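Encoded as structure tokens, the structure appears first; notes follow it.
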Amino acid sequence: MGAKTKIISPYFLKVTVGLLVVSVAVSIGFGMARAQPAEVKIGVIYPLSGPVAHAGQMSKDAVSLCVDYINNKWSQLPIPIGNWEGIPGLNGAKIKLIFADHRGEPDRGADLAKKLILDEKVVGICGCYHSSVTKTVSTVCEKHKIPMINPESTSPVLTKRGYKWFFRATPHDRIFVRDFFEFLELLTRGKVPGVGAVPKSDIDEIGACTENTEWGAGTRDVIKEFAKKYGYKIVSDVTYPHESPDLTAEVRRLLTPKPETLMFASYISDAILLTKTMKELKAKANVFWSQDVGFYQPKYIETFGAATQGILNRTVFSKKLFAVKPVARHINEEFKKRAGVDFMGTSARAFTGMQAWAYVLNKAQSTDPEAIRRAAETIEISGKDLIVPWKGIKFENVGGETNQNTWSSGLIVQYQKQEPEIIYPLDAATAKFIYPWPGLK
Amino acid sequence: MVLLEVTDLTKDFGGVAANSHISLDIEKGEIIGLIGPNGAGKTTLFNCIVGYHRPDQGKIRFKDKNITGFKPFKTNREGIGRTFQIMSISGDLTVLENVMIGSFCRTSDRRIAREEASEILNVVELEKDAEAYMTELPIATQKRVGLAMALATRPELLMLDEVASGLNPKETEEMVALLQRIHKAKGLTVFVIEHVMEVVMPISQRIIVLDGGQKIAEGKPRDIASDERVIKAYLGEKYAKGRKNRGSI
Amino acid sequence: MLKVEKIEVRYSGVPVIHDVSFHVNGGELVSIVGANGSGKTTLLKTVAGTLHPAKGSIEFEDEDISTSSTVNIVRKGITYVPEERRIFGPLSVEENLKLGAYIVDDREEIEKNLDYVYSLFPILKARQKQLGETLSGGEQQMLATGRGLMSSPKLLMLDEPSLGLMPKLVDEMLEAVATLKEEGKTILLVEQKVREALEMADRGYVLQTGRTIYKGTGEELLETDIVKKAFLGL
Amino acid sequence: MQIRTLKDALSFGDLPAVERIGFILFITFCFIFPWIIKGGFAQAVMIQFLIFCLYGLGWNLIGGYGGQVALGQAKNVGMSAYTVALLMVRWNIPFWVCTPLGVIVATIESFVLGYFLFRLRGHYFAIATIAVSLVWQQLFINWNFIGGARGIELPLRETPNFIYMQFDSPVYYHYFAFVLVMIAILYMNWFRKSRLGYQLRAITANEDVAESLGINAHWVKVKAYCITGIFAGMGGAFYTVYYSYIDPFSVMHLELSIMIALMTMIGGAGSMWGPIIGAMILIPLDRYLGAWLGGRGILGVDFMIYALMVMIISAYEPRGIWGIIEKARRKR
Amino acid sequence: MEMLLSTLVSALLMGMLFALVALGLAIIFGVMNIVNFAHGEFLMVGMYTAFLTATIFSIEPLLTLPIAAMVGFLLGIASYYMLVRYLLKGPMIAQLLGTFGLMIFLRYLAMCIFGPDYKTLEHGLLIGKSIMWGPVVLSYPRLGTAVLSMLGFGIIYWMMDYTRLGKALKATALDVEAAGYMGIDTEKMRGLAWGLGGATVGIAGALLINFYYVFPTIGILFCMIAFATVALGGFGSIKGAFIAGLIMGMIIDLGGTYLGPQYKFALIYLTFFLVVVIRPKGLFGW
């Protein structure tokens, strides 16, 4: 290299110093953001871009609507938040949502949680859809002692970690699957309107088909557990890779032992392909149940139309609820105006999660995290105030779980003429059960 | 003492025999020239000895050890160094560093390698170019670097592939002088492929001639120069015939 | 026909051909001889358009082709038979030959040229269905030469057609070149078999380290000492 | 001998003054960073940057100096991350014991694969590394013992815990990552002057010539690949304790491998500072742009900027930003 | 037995699709020895083209084939002239990463334009129909794909072997320099190879949309299978791509049915890996 190259190169110097200066400036810039007075900041982390952006965007619309109700006066709204202008317990402080986009990456979610907590000084976190991201984000919250209310992640593990600052509003996969087995039991006892007692031997051979991600694998484990407990046989147990180019082999494997009850956990893409393949292979069974998500999206009904007749879904929300819950109809209309779609399981739960936040803040009467946590631990929100058909919201530590909303419950709906009619719980049923499943026509 | 012994070496490339049944011996301390027209199979023979090609048939012995089918790095460790027609070695490294790569073959200590490399650069008279990058150098210097790199591996047998190709007469003369000096100083055995007769004729003690993949002659330079088969190979059949006729007249 | 004026050619910035001029008249066989590395192949590749001169000009039939692409040069009527033969190994002899006639649109002309090549090299006809890579070195050279003829070129450039061939085949190959010349083809030949190359040639050039050091008719050159000196060191 | 090695590693004397100044600035910046910058996100991005520096510096060995397009760095990261996570979760083994084990597992894996894969050259090698990492990812997704698709989560401990490397403040993580990066930089500084460094560069330039100089190209490449595995392993172990959750999608993903390679290339593969420059540009760009856009505006526009950058650099200056700097420097 | 039979049939049908997707990759690799990582994205572009044309003009999806082929062709040519041409001058790492860049660019361009949603076509001549043939179910869209795939292979095979253009492509593939001496415009041939590669994969996309959904990140899924297929068949071999496509179909379907679907990708990648390591040239490689 010799002496001549030892001269300081301005290029290098410029580049290095420039980069350092830029990163310092940027970091300071973000570090200096300060909270505005008379505002309560809540950080909302959702997959706003990336492969599941549609779910994240829908949840974003739902929580935004909820905050709109809280911050402004909506006198026609028949629940308390309609009359609120800001949080009454905090002298009318308005909620300000700060959104962050985790793209489905757990590490990005954790980093963003730090941004929200440390830089934006949020009083709490709401999110994150993916159970995997909820895991890392809740860990950050726990470390920084910031409360987090999770409206929609259903992985049973989340509330089994003994976290004090993590609250889950939704029922989880265990509860949903248990509900379904309870329903099957009722079916055998002839309690379900629309059919007589179905012999257990007609439905006790289960074919389970779950996708190979955190959520699918979790569902599969719970299905196995309850099948054993309730005395059902799993005759075919298929797990498949998410976004598979072809599911013929899976469907064939699922159907070959001629299962009587089909149970699915799939995202929308695979749900569509599975159904198409089953249609081609002329699948037959007596009961067809799925764990929400893929089989319970507008896109799904749009794609298959009348062929969806008789498919069961677990969910927490159905338009049929409007009959018993006028408030849900009211809010749904507003939501449809803004987001262009009806409430679905995910968006309804996001709305409810934000509502829970408002109630918790109201009760805490402080933005101190510890006060919020104590408020959350003791809060009891009546089911009347919610758009979901729960008894309400009460975070309790039961059966090894911490801060799980024990007043939550699921619904089982059945597509009838392309409308999701509520079948279970029986007292909320809006239609008679169609048995057996008519197949995909 | 026979240093390198090749017996009955044959190498085919997809139906084209590049080398057929070649046998040769090299004594320790000799300089042997390998000549032949382009495409006669000289480089193939080199590559078989060094290990880039595995001969289809035949045996190669070096210092009484069978090295047939040894990989190039192994033959190098046995003591065979070679240069290439084009030594395209890293343009990111200086001349000294390139030569160090060769020295590293025998030592893992950077300082020793560096010392040895500068020593060898002195031998090939490149000390002033030590810090230059390869791409900045003229061909003659690059060839010398190649030679230095091969020397840095401390070979007993040095195989030079067209060390003078592309050089002008003055550079060629300098190269010849350099080779003779190295041979004398280090007592190396040298095996040279060459096209430029000005290089081979004066330095070789013995010359082997290949044509069409076969060994057609072997002997002292003077004898080779008047060997008819050789003249035929180089200047063509008719030329040889012509000479014969003229000779008979 | 071909007129090369004072060209300089560089490989990655380093000049390898300096100030070389030569010309080829219609119907002539011009030989360029020189030691390995003297720049003969570079010269032919420059004419063929793979390389472009940094200085000087190349004219073919009074048209400047020094910046033309290989494709255009082939279309103008110059074909180059490369040193390494570069036949298409996995293709048959006939396919190889037909590729040689790629720029010819006229089917009849292709057939005619094919017959001509087969008559020149009967062995190729016997092997027409065989794959190129299974041919022997001599046959491959014939195939390469034949392929060069398929486009009915105005100027055929042969780069060491005797390279790596057995002595017997060398003669055959060179005889074929002589035949071509007799038939009135214009040929630019680069050869190491100096004697034959110069004997056949109308004119010749001797190249050394990228410079023309001698030029003249074939016979004139054969009389000079340079030939003996350069090739046998006598 | 050891002292000499250390001296070599610590001596930057042969570098031009600018590089030394730049390096000192870099260290100083990293060192005082937690004290001058309090932003939580900035610190998180900084740690992410350090992790990627570590990955990139390791990859640079085989991909830059060695010229082998290995696109399976993520599987080394994952191997080590999984080893550490498993040992810590299942048997409660301290982090400081797990990490060496994780690194060893990653290294062994690199060795075994490298031994077979380096029989291939060029495209075939690149493609084979992709294939292996995909097989690995699939197996990890389906292997229930290690959590399958659900991944592994480290339990959160009540109090900060040095043995299990769990702290509330990112400062500790920052310094730990910084130490790892410094080790990597010092190693690289030694490496580029070492026998292995020269031999690897010789192989990159011309494998045939290198072999004729007594270099066992296959073995040298395997060695370099193992060292790459070590750094990836260190990165993976750190990632595990830092985020305390791993799954086959976050540490085994092909896109991580690609990201590491692209980042190094943009910075300048085969130069000491290349990976650092690459990470310095890409990581803040990715994180800040992502946070700033926050799913608003046009989806994926940040990726498009990034992709354009990659295409332009690979088409016009494959030696990356460092290549541009070098070029400018040599011209003068 | 019934299961085996129906598995074999569906494996064959799926294999034909894989083969068709791999065909373009094989052509591109064959002619210029460059691995196109954006190949899956070309497929995606084909699918979106077919989807858009079919929905906007509400025409039969099969009629969009020529349009998808055209768009694929133009995309291939554009990629060559605007990017790949320059990449070829650089080291191999630049070639690999450059096409990676193209892949990411196209993927997120699609994300920008179409959003991340899954899109499917619901109406069409073939869509959702099938016939039972004994125990074997034949799905119309797959059958149609298989037939057109065979047709496509036939055409390309015929073109490569019996036309002047094919010969020129082959010559360019075998030896660029020598092909130049024949008067073949090798630059154009390379561009054309990319165009052809794009067109075949565009057709594959237009067929695939009949029974599959499209979303911006679909590329990598099929790209990796196509890589495996091409590696198995031999880089650059058209016959190889066809046979390897069928083998891939078998592996996916038989492996998925008998060994467990969760392992089917692992199986493919494992085959891919083994082939590359044991016989890098593949079954029919040059």
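Chains here go by letter, A, B, C, D and E, matching the order in which they are written, and residues are numbered from 1 within each.
Keep this in mind: contacts are C-beta pairs under 8 Å (C-beta built on N, C-alpha and C of every residue); 3 or more make two chains touch, one makes a residue touch a chain.
Quantities reported herein were computed from a predicted structural model and do not represent experimental measurements.
Asker: Trace the shortest chain of touching neighbours from chain D to chain E and give its length in steps.
Answerer: 1
Asker: So which one's got more C-beta contacts, A-E or A-D?
Answerer: Contact tally favours A-D.
Asker: Rounded to a whole Å, what is the gap between the Cα centroids of chain A and chain D?
Answerer: Centres of chain A and chain D (C-alpha means) sit 35 Å apart.
Asker: Quick one: chain B and chain D, Cα centre-to-centre, how many Å?
Answerer: For chain B versus chain D, the centre distance works out to 43 Å.
Asker: Averaging only over C-alpha atoms, locate the centres of chain A and chain B and give their separation in whole Å.
Answerer: 75
Asker: Going through chain A residue by residue, note those that touch at least 2 other chains and give them in order.
Answerer: In chain A, the residues touching two or more other chains are 1, 49, 53, 212, 239, 241.
Asker: At least two partner chains per residue is the criterion; list those residues in chain C.
Answerer: Expected reply: 89.
Asker: What residues of chain C sit close enough to touch chain E in their complex?
Answerer: Those in contact with chain E are residues 48-50, 69-71, 74-75, 79-82, 86-91, 95, 98-100, 102-103, 147-148, 151.
Asker: Can you list the residues on chain D that touch chain B in the complex?
Answerer: Going by the criterion above, the answer is residues 4, 8, 193-195, 198-199, 201-202, 204-206, 208-217, 270.
Asker: In their complex, what parts of chain B are in touch with chain D?
Answerer: Those residues of chain B that touch chain D are 50-52, 71-74, 76-77, 81-82, 84, 87-93, 97-98, 100-102, 104-111, 113, 149-150, 152-153.
Asker: Sort out for me which residues of chain D touch chain E in the complex.
Answerer: Going by the criterion above, the answer is residues 63, 67, 69, 71, 116-117, 119-120, 122-124, 126-128, 130-132, 134-135, 138-139, 141-142, 254, 258, 261-262, 265, 269, 298-301, 303-304, 306-311, 314-316, 318.
Asker: Would you tell me which residues of chain E are touching chain C in their complex?
Answerer: Those in contact with chain C are residues 164, 167-168, 170-171, 174-175, 177-186, 286.
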